[in-house]
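Take a look at the structures listed below.
There are two complexes below, and they share chain A, which is joined by chain B in the first and by chain C in the second.
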Partner chain A sequence: MAVHKTSRSGLFLLELMIVILFFAVTSAVCVNLFVQAHLTSTAGGELTAATREVQSAAEWLKAADGDLEKLAAQLDAKAADGRLDLYFDVGWNRTGAQDAIYTVTVLCAGQRMVLPGGGEITPAPTGREDYFSAVVAVWNEKGEILQIPVEKYLG
Partner chain B sequence: MKPFGAQKGHVVDFLFTLALFCVFAASALMVVVIGANVYRQTVRGMDSNYDSRTSLTYLTEKVRQNDAANAVTIRSVGDSPALVLSQQAGERTYETWIYVYDGYLREVFVEQGVQVKPTDGQPIKEQQSFLAEKEGSVLTLTATGTDGETRRATVFLRCGE
Partner chain C sequence: MKKEKRSFGLSIGSSSILMVFVVLCLTTFATLSLVSANADYKLSRKTADAAATYYALDTAGERMLSDLADLLERTRPAQTQEETACRLALENALRDFDSPDLSEDGAALTVSEDGRWLISGTVCGADGWTLQIRLDVTERYWLNRENASIQRLLWQAVPPQEMQEESGMPVFQPGNLPVG
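For the complex of A and B:
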């Protein structure tokens, strides 16, 4: 009788361990997919907000005829050396440089900017006096999220 | 009669198996809970993106379609601010009124001079509030979605004020 009980228990244990092994493999795959889904969703939200802010900055830049000083006055920011930075917190609200998670940078043609991730932004000069050209980019500590070229005929 | 040690061994076997089963059940539950959380966050993110994109993109495109001299004005319908886009068709001028009333972004197309009532507009999308501000040739659109988040978009009116 005792032998019979041991055999049933051992068999159940073996079955359970096989099930757990299978479960462990599938759950590892599932958790990996969950993490990927979360990261993709976060990146999607980030890109949506980044697009909105970059477009707004580009529209302001066009309204200011590419004049960074004028743009800085309108957006309550500082411009220097053909570059203007707007700082945003995690909720995409304007903040100071110290608390910034995201930065929207307006970079005029002919300037160069190195990004934290190792990339760089170098808007090419147009070579025309009546043509304004710049790049508006949004980036965080990992690197560039998005950049768009902005051009306007000033004649 | 079974020896005492053998009997104890069986109890431990049973307890170990039971404990293992409990661990399995707890792990299964945990994976389901993690999955549900991720799904909830993803859906929330998608809703937020939809809210963020749709209304502002719609408004921005509407403004760009009607970007003509003096074609974009800000008026009000009832207590709500309204974006009014004018367009000429033959000898007549028509207006598109976009505003928020009763939790919906609404739009109505009327001939110039027709009095617009808040209930006239066709509901487009659920929206808490909407505000349009014009500063020179820059139009700032502020929309608060159903999630309570306020988002802003700026449009440069190429045809001037």
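For the complex of A and C:
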């Protein structure tokens, strides 16, 4: 009887060890899937918010007829040297340059800007007074998220 | 014979069953999360691409408008010019009008019943998107008013045909009501 009891507990222990091992492997795979899902979801959310902010800035810019000073006054920001920056925190709320995670940059024709990831913002040149050209881009420390050209004939 | 007492609360195999259940749950939820996140990301990507396409198209439209404004400036009628001659001059000018993104049909002039001078055209963008434009040039061209702007009556981005067919949802249509 004693031998039988020992073998039973030994079997249970063996089964438990195999179960734990298998569970560790599968849970590692599942955690990996969850992490991937989280990262993809974060990237998706980031892209959606970036699109929204870029479109918003682009429409403001068109409404201001490309006048950065006017745009800066509307959006409570500062414009200098044909460039205007809007800073956003991790939740896409407006913040200062110090706490910024994301930056929306409006760059007018004649300017050029190199982004952290090696990308570049170069608005198409115009050469006429009744036409403005700019690029609105969203970027973070990793690089560009989205950029769109904004042009308008003012006549 | 005395029966052997069970010393385990958990019999052999029950831990395996529990583990299989937990692993199945974990795998299911993890896969669902990933599929859902991927679908969300694809939608976000589509939205971003659509925005980029729209603004590229809009930019092409603005360039075409700028070229058209130059053309109108060149063919601006003299105050004494009669309407038929003026119309003919503009139609001829529009026939030769060539802007990089303008469709093969070019731009066409129509004079509406209420005497408005309208120019219509289509700008072609990437991936089959088009921008349909209708402009009122009465003030700028025909009435020859200084600093008069070209009015935009229509500025509509149209998705490619296959995308329009895709977007049709099987929703209720009045004609689909069963008879009887």
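Rule of thumb we're sticking to: the second predicted complex is superposed on the first by the 149 of 155 C-alpha atoms of A that agree within 3 Å, B and C clash if a C-alpha of one lies under 4 Å from a C-alpha of the other, contacts with A are read in each partner's own complex, and residues count from 1 in each chain.
Keep this in mind: a contact is a pair of C-beta atoms (placed from the backbone, for glycine too) under 8 Å apart; a residue touches a chain by one contact, two chains touch by 3 or more.
Note that the coordinates shown come from a computational prediction; the quantities given were computed from them, not determined experimentally.
Model built by superposing both complexes on chain A: chain B and chain C fit together without a clash. In the superposition on chain A, contact of A:L13 is made with chain B only, not with chain C.
In the superposition on chain A, A:D89 makes contact with neither chain B nor chain C. Once the two complexes are overlaid on the shared chain, A:E141 sits clear of chain B and of chain C alike. Within the superposed three-chain arrangement, the count of touched residues of chain A is higher for C, of the candidates chain B and chain C. Legend: residue contacts after superposition of the two complexes on their common chain; A:E120 is shown touching neither chain B nor chain C.
Seen from the C-alpha centre of chain A, the directions to the centres of chain B and chain C diverge by 60°, a value given as a multiple of 10 for the model superposed on chain A. Using the contact criterion defined above for the overlaid structures, shared-chain residue A:W60 touches chain B, although it does not reach chain C.
In the superposed pair of complexes, A:E69 makes contact with neither chain B nor chain C.
Here chain B and chain C sit at a least CA-CA distance of 6 Å once the structures share a frame through chain A. Within chain A, the residues touched by chain B in the first complex and by chain C in the second are 5, 9, 12, 16, 19, 23, 27, 30-31, 34, 37-38, 41, 44-45, 48, 55.
Residues 2, 6, 10, 13-14, 16-17, 20-21, 23-24, 27-28, 31, 34-35, 38, 41-42, 45-46, 48-49, 52-53, 56, 136-138, 151-156 of chain B touch chain A in their complex.
By the touch rule above, chain A contacts chain B in their complex via residues 2, 5-6, 9-10, 12-13, 16-17, 19-20, 23-24, 27, 30-31, 34-35, 37-38, 41-42, 44-45, 48-49, 52, 55-56, 59-60, 62-63, 74.
Those residues of chain C that touch chain A in the complex are listed here as 4, 7-8, 10, 12-13, 15-16, 19, 22-23, 26-27, 29-31, 33-34, 36-38, 40-41, 43-45, 47-48, 51-52, 55-56, 58-59, 62-63, 65-66, 69, 149-150. Contacts from chain A toward chain C in the complex involve residues 1, 4-5, 8-9, 11-12, 15-16, 19, 22-23, 26-27, 29-31, 33-34, 36-38, 40-41, 43-45, 47-48, 50-51, 54-55, 58, 124, 128, 130-131, 146, 148-153, 155.
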